[in-house]
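Below is one structure. I have some questions about it.
The first chain written gets the first letter, and so on, giving A, B, C and D; residue counts start at 1 in each chain.
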Amino acid sequence: MPRMTAADIDALLAASFPQARGFCAIEAIRDDELDCVVRYRDAFLRPGGTLSGPTLMTLADTAMYFLVLAMTGPQPLAVTSSLTINFLRKPPPADLHATARMLKLGSRLAVGEVHLRGGDEPRVLVAQASVTYALPAAA
Amino acid sequence: MPRMTAADIDALLAASFPQARGFCAIEAIRDDELDCVVRYRDAFLRPGGTLSGPTLMTLADTAMYFLVLAMTGPQPLAVTSSLTINFLRKPPPADLHATARMLKLGSRLAVGEVHLRGGDEPRVLVAQASVTYALPAAA
Amino acid sequence: MPRMTAADIDALLAASFPQARGFCAIEAIRDDELDCVVRYRDAFLRPGGTLSGPTLMTLADTAMYFLVLAMTGPQPLAVTSSLTINFLRKPPPADLHATARMLKLGSRLAVGEVHLRGGDEPRVLVAQASVTYALPAAA
Amino acid sequence: MPRMTAADIDALLAASFPQARGFCAIEAIRDDELDCVVRYRDAFLRPGGTLSGPTLMTLADTAMYFLVLAMTGPQPLAVTSSLTINFLRKPPPADLHATARMLKLGSRLAVGEVHLRGGDEPRVLVAQASVTYALPAAA
């Protein structure tokens, strides 16, 4: 029973956060989880032929932002308050998949875990993150 | 006694990591510290009129990368192994400054702390990060 | 196919790390996961009638240590290199359960995720941690 | 202009958090910083002859708790909401010193940085932590 669909979130971005639009695409929204994907671009590469750290961090942060929106409704002013990411394996130059899962959704803070997977091996994690969002006070 | 100057690092990026070039500019390199700055662009904005989380994370990661290069020499294959960032205050829509400081430089891991400051208040932190880089084995 | 059983780990602690013995008990070891439990003691309480932060952090760190031992064999010199913990809910004054899961086991670093659950609600997380251990060089 | 002295904090612990009393001693309180020390005990040792990770994590958390009390007044219900620690060097079997510094003190969250130093080398960090406390709502 999400409060926003992928189309709702895209429309919200178009209206209030165009800079973030188009970076990644939502693939599925479940009760307390969300899947999204970043399509490979050469601009994401770094030395060694892998995807850059900022690409992975941006995906972890964005996946959690979308999950917060899906579970709480349109509040674009939710902001990251902290993020920890562990890089586990070098992601191949290919699409990058994220699954965000809500661990706690309080009235003021949302805490989630994000798993990133890359390339053709959907079971192999390339990074793991925990992300906390501060939620705006209810209107 | 840094092993690379700002010009050396820029030349290394031009040769091996063009995607990262031009994001931020090194302002000073001291023994175990480095200052750099990101010039404001509208593309960094997010709802609320502040700079986006990925902009701050990318700066923290990049400042530490440059510090690793400055202190260890040209090894572009150094990669982030973990990063934790705490967002403290909303950065104004203005230039963003980073100071990275090395806490431990071992043979395999480098650990540093990055302080981010924004706008016209150079004493006010907008974010604090700790970043660990894995260093390639010596040739 | 763990390399050490719960009894093996207890014998190793008795021989080389008696200070850590008796804090928590291993309940199960699976391929890349380990469950353990801390039995409630009043000494773990803090104001508010909940278990203290250090109790939870010690359990997260210990669960990951045991998992490293189970998966790599008797190397008591494995040491924590970083730990991040998010406290999600106040744990009730009761037993505290941990499940550690290995995300990456390299030759030099092991990275895992630990979920802590408390009291009578085995599905409700009270804390989530990521823990990195540095492994001693192979003899 | 701290709101509590070391003696005030000790009296508060005696009244409301006796389990935490005696672990470490406050040495100095400045505007937004606090120094404290843990006296060496054999119980803190781990294999390799160094101080255990939980000893360092407990000190980082406690130093930040005391700083929150010093800066906000007697509110023992302030609780840790997240902690990240990077272990930098193996601390010698000796006293362990902590300096906690407040980075942001908001109405709901306090974020600080803690530096741990060990033994006879007061300039050498053995660990660095960032700690966030959730503050109870004002009465």
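Here, a residue touches a chain if its C-beta (ideal position, glycine included) is under 8 Å from a C-beta of that chain, and two chains touch if they have at least 3 such contacts.
If you're wondering where the values come from, they're calculated on a predicted model, not measured in any experiment.
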Starting at subunit A, find the fewest moves between touching chains needed to arrive at subunit C.
-> 1
Higher number of C-beta pairs in contact (B-C or B-D) found for B-D
Which chain has its C-alpha centre farthest away from the C-alpha centre of subunit B?
-> C
Inter-chain centre distance, subunit A versus subunit B - centres from mean C-alpha coordinates, in Å | 22
Subunit B-subunit C separation of Cα centroids, rounded to whole Å | 33
How many angstrom lie between the CA centroids of subunit B and subunit D, rounded to a whole number?
-> 28
Got the subunit B residues that touch at least 2 other chains?
-> 81-82, 84, 86, 132
Along subunit B, where are the residues that touch subunit A in the complex?
-> 16-17, 19-20, 42-48, 50, 52-54, 57-58, 61-62, 76-77, 79-87, 90
Subunit D partner contacts - residues on subunit A that touch it in the complex | 81-82, 84, 108-109, 132
In the complex, subunit B residues that touch subunit D = 84, 86, 88-89, 103-104, 111, 113, 125, 128, 130, 132
